[in-house]
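Multiple structures follow.
Below, subunit A partners subunit B and then partners subunit C, in two separate complexes.
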Partner chain A sequence: MSDITAPAYRVIPIIPALKPGAMEGKGPFVASEKINEAIGFPGNLVDDWHDKAIAKMGELLSKYRSLKVYMDACVHCGACSDKCHYFIGTQDPKNMPVARQDLMRSVYRRYFTLPGKLFPKLVGARDLTREVLDEWYNYFNQCSECRRCSVFCPYGIDTAEVTMAAREILDSIGYGQKYSNEIIGKVHKIGNNLGLPGPALIDTLEGLEEDVKEDTGIDVKFPIDVKGAEVLLITPSADFFAEPHIDSLIGYAKVFHATGTSWTLSSMASEAGNFGMFIGNYEQLRKIALRIREAALELGVKRIVVGECGHAWRVAYSFWNTLSGVGDGASEVDRFAQMLQKQLDHRYKQPTHICEFTWDAIERNALTFDKAKNDKHIITFHDSCNVARGSRMGDFAGGQFEIPRNIIKAVANNFVEMDPNTTRERTFCCGGGGGLLTDDLLEIRVKGALPRMEALNQAKEEHGVNFMATICAICKAQFTKVLPIYGFDRRVVGGVHQLVSNAIILGDKK
Partner chain B sequence: MANIEVDGKSYETDEEGYLVDLTTWNADVANYIAKVENIDMTEQHWEVINFLREYFEEYQIAPAVRVLTKAIGKKLGADKGTSEYLYGLFPYGPGKQACKIAGLPKPTGCV
Partner chain C sequence: MMSTLFAILFYLATLLFVVGLLSRINTYARTPAPLKIPTTPAPTTTGGVVLRMTREVVFFESLFKANLWTWSMGWLFHASLALVVLRHLRYFTEPVWGWVAFIQPFGVYAGITMLAGLAGLWARRLFVERIRYISTPSDHLWLVLLIAIAASGLLMKFAVHTDVIGVKDFFLGLMHFDIRPLPMDALLTVHLSLVLLLLVFFPISKLLHAPGVFFSPTRNQTDNPREKRHVAGWAKQMESESGK
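What follows is the complex of A and B.
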């Protein structure tokens, strides 16, 4: 692994020269029998995988009309070809979004269209052979489902959905990825992706209370499983464990303290992340989301607030309403969803992002800051893909871009933007999203980080940027790992609430 | 799945070199894994490894990086209670690399 080096920055960032086959290979570690069976998937590649895979594809095509449209609509115009960070970083033409879709499209044509059934060669249709299946496994695990390509596609084809469908098909025949499936097993069994049991969680939170007391002299609490609290905070388990994540957790706690909010964490739902989305599996997605409903009902909370986790916010904002009844839209006959609807306080947005919570408090003048505490930082903001292109914040278009930036500007004096071609809805993935944040995929992670590192480096050269704030646990972990490979200090990345934590003044407001 | 041979005894590991059966761990295995990771085990390394194992025994998980730095700081002096010190000992990251040598399961998730 130590021989993985960063690709050179491009002199002119245009379509790179092609290197066919650059990322050919076996893909990430395949999930073991034990891991697969624990979450209800076939343990190993089934004997009749061909027929099963085609049948599953037919099922998905009839269930998800979007998938069928994506299979049919592409005209190979090329608009997406140079928009994927993995293509830019690896130069492997199969990492062009259109080529990634074509891995599935060629099989679709062979089995589901008349011309493909009759004249496969004329229409680029392919049999689903073992070689094709292995190619799927490799290249559909080189997509982070970030949806940047779909911003540029004139038809709005969403490669993320194609990747999700492919992974769903692969899982249904026992050919899943170890990293994601192992984590899904842990969230069901232990309550979070890390496998952090309740006692360890409590010990960690007590330690944080001591630390904050030592730093500030104030008793900031980190409550867990408190019945009757107003707010239930759902945050990625990395916030309890990793650096720099934990500094944002301290930031949330300080905001709750300063606003006098009664809040609690839940040991049952000690995870915001939902890897069910990454593998395109609705049942897993729902099952993971239902833990949160269960915890909310049990604790009797009035509000649900989500911490700094990109894909969790997409799931929460876009899917929780129908999945679990957090937000309006669950079925009338879904008894527990309706029960939760009655319980929650609808004067507030359900769910609320922690950035919405903090920004609202800032606007109400409920928080005070010593901005100079962040003066050692020249800060930029990395938009996380799932927040940018899969959700929103606030009650105006683009709130998911403005609100985190507004917070940074309220707590710090030095803020600059990166190249606008790499921010907001055009943001580049960190390179580790969508279930790729695993050591066995480090090469693609390092290469996929190239466009973001180029933009950061430019901001560093032009403005002296030394801190890149973000609101996603995956982004934080990914950058901590790849920044040093690009010659940066790993602590250049951190959370928005880490900055809030640095500057917030606790104690009685004047 | 793979196996490593240490002093004529065979130990099962996963694809990434983490021990499968945690109870089979011993100092020789730790030294062997450290060697594969290009780490020369010193007394300082062992202090971290021993703390990880004690913590794991109690909580069934490796400690958070912050818990680890704080504990090392208390035990060995504030100058050592920093993530810099730990990264110095375990360059691939104290979380994963030290866990592997200590025979603990790999922390998974967004870490």
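What follows is the complex of A and C.
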């Protein structure tokens, strides 16, 4: 793996020439029988995979309007063709969003449309052969579902929807991806993606309390499973021990401490991440989300706050109300949702992002900061794809962009933007999202990081940027790994609440 | 004889077009969208969605962000086509509506700009490596078909005039199920035959992007998932009151 090197920065950001087959056969490890069966999928590729796959595709076409419309609507205009970070980094034409979709669209046309049945060659329709299936496995596991292509498509075609459907079909015939499926097994069995059992978690939190006490002299608590707490914090499990994630967890705890908020973690729901979305499986997506509902009901909390995690915030913001009733506005007769919604305090948005929580406290003057504590940093902000394009914060357009930036500016003196073509709705994925954050995919991860690394390097050269803040556990882990390959220090990446933690003054609020 | 044949073909093609398109729209409308997936910048109100969709359909907002060449050629083609189609209403109305008469001269020039837009789009498909890579034979054929329709139409207007009064008489007749003689000349026959093809293949082709865009969840959903619970029928069935 050490032989993977960073691709060269483009001198001018031209659209790269095609290198057909560049990433062929570079998909991830296939899930083992044990991993697949643990989450209810066939252990190995089933004998009648062809018929099963087509039947599953038909089922998904009838359940998801997105898939149905997106299979039909593409005109091959090419608007998306140069927008994917994986295409830019690998030059493999099948990593162009339209070509990735066409891997499935060609099969759709063959089995579900008249012209494809009659004149397959004419409309680019293909039989679902073993080669095509392998191609699906390879290239649908080289998409991070970041939705950048969808911003630019004149019909809003979202490759993430197609990738999710493809992975769902592959899982249904026993051809799943090891990394995602293994993690989903862990979240059900142990409560979080990293397989950190309850006692170890409690131990870690006690250690953190001691560390913070040593650092600040203040008793900042990291409570867990406290019934009757006001706030339930759902955060990615990487926050409990990975670097730099843990510094943000300390930041959340300090904010809760300084605002006098009673809060708790849950050992049952010690994970914000929801890999059910990555594999496009509604049942898994729902089942993983229900843990949070269950924990909220059991602990009797009034608010649910979500830590720094990109796709988790998309799931929380966009899907939780649908999946588990965490939200507002369920109908009177919707007893499933009402059961929880009656308990929650609707003076606040449910769920609330930790950045919304902190920014609200800053606006109320409930927090004080010593901004000079962050003066060693020249900071820029990497918008995480799922937050940028699949969610919102606050109740104004673009809140998911402004609120984290506002927090940074409130706690630090030096903030600069990267190239506007690489931020906000146009942001590039870190290269490790969507279930790709595994070492067997390191090559695509390194290459996919190219556009972000180019923008960061430019900001470094023009403004001396030495810290890239972000609010996603996957971004943090991915950058920690790939930054050194691009010649940066791994500590260039960190969380927004890491900066909050650096600057917050705890003693004054007596 | 030819008049009868064309009359029958036009009835059939129109029937296939209308029924095919309606059934497709019906499928889109009935297929549930189980999750909220609007793409940023997503409006939070229905009014906002209407505005967004209008910008998308009238100005091709997303394509504008994506690529100026494709946008300018694509927009030029579609806007011209709209004018050209409206101009052709004069062959179906008597007396001709005032505003149709008003746009008549613009409609004629739109035929030329439509051809220019199509040529630009085809050039991109032929000469840009990655667009050529994603093009299927049918992508090229659609452009050829549209170019041939536009070219034959323009030739009738500017080079070899056809008997437009006779043409109008034929179509007015069709609208009252009265088959009248269709002037017979090569260009007109080509022009009308290609339009027949367009009508027939529209509902089973990529031209479904026209109705499709209105049903695209990333563009037509309101971004209010926290404020209002959204559940599809098939997903609701998974829920029990116990909350599992």
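Note that the second predicted complex is superposed on the first by the 500 of 510 C-alpha atoms of A that agree within 3 Å, B and C clash if a C-alpha of one lies under 4 Å from a C-alpha of the other, contacts with A are read in each partner's own complex, and residues count from 1 in each chain.
We take it that contacts are C-beta pairs under 8 Å (C-beta built on N, C-alpha and C of every residue); 3 or more make two chains touch, one makes a residue touch a chain.
Note that the structure is a prediction, hence the values are computed from the model and not measured.
**Student:** Contact-wise, after the overlay, does A:Arg293 reach subunit B, subunit C, both or neither (first, second, both, neither)?
**Tutor:** It touches subunit C, and subunit B stays clear.
**Student:** Quick one: classify A:Gly329 as touching subunit B (first), subunit C (second), both or neither.
**Tutor:** The second partner, subunit C, only.
**Student:** So in the superposed three-chain picture, is A:Pro236 touching just subunit B, just subunit C, both, or none of them (first/second/both/neither)?
**Tutor:** Touch status of A:Pro236: first partner only.
**Student:** Is A:Arg347 touching anything from subunit B or subunit C once the two structures are fitted on A? First, second, both or neither.
**Tutor:** In the superposed model, A:Arg347 contacts neither subunit B nor subunit C.
**Student:** Who does A:Arg364 touch here: subunit B (first), subunit C (second), both, or neither?
**Tutor:** Neither partner.
**Student:** Can A:Asn193 be said to touch subunit B (first), subunit C (second), both, or neither?
**Tutor:** first
**Student:** Have a look at where A:Ala397 lands relative to subunit B and subunit C in the superposition and call it first, second, both or neither.
**Tutor:** second
**Student:** Which partner does A:Lys227 reach: the first (subunit B), the second (subunit C), both, or neither?
**Tutor:** A:Lys227 sits against neither subunit B nor subunit C.
**Student:** In their complex, what parts of subunit A are in touch with subunit B?
**Tutor:** Counting only subunit A, the residues touching subunit B are 1-2, 29, 32, 178-179, 182-183, 186, 192-197, 199-200, 203-204, 207-208, 211, 236-238, 240-243, 245-246, 271, 273, 309, 437, 439-440, 473-474, 476-477, 481.
**Student:** Residue numbers of subunit B touching subunit A in their complex, please.
**Tutor:** 1, 15-16, 38, 58-61, 63-67, 70, 83, 92-93, 95-96, 105, 107-111
**Student:** Taking the complex as given, what residues does subunit A use to touch subunit C?
**Tutor:** That would be residues 15, 17-18, 61-66, 68-70, 72-83, 93, 96, 98-99, 102, 113-115, 121-124, 147, 150-158, 161, 282-283, 286, 290, 293-294, 297, 317-322, 325, 327-331, 334-337, 339-340, 349-351, 388-390, 392, 395, 397-398, 400, 425 of subunit A.
**Student:** Once bound in the complex, which stretches of subunit C touch subunit A?
**Tutor:** For this pair, the touching residues of subunit C are 24, 27-28, 31-37, 39-44, 56, 60, 62-63, 65-67, 70, 74, 124-125, 128-131, 133-139, 141, 201, 204-206, 208-209, 212-213, 215-219, 223-232, 234-235, 238-241, 243-244.
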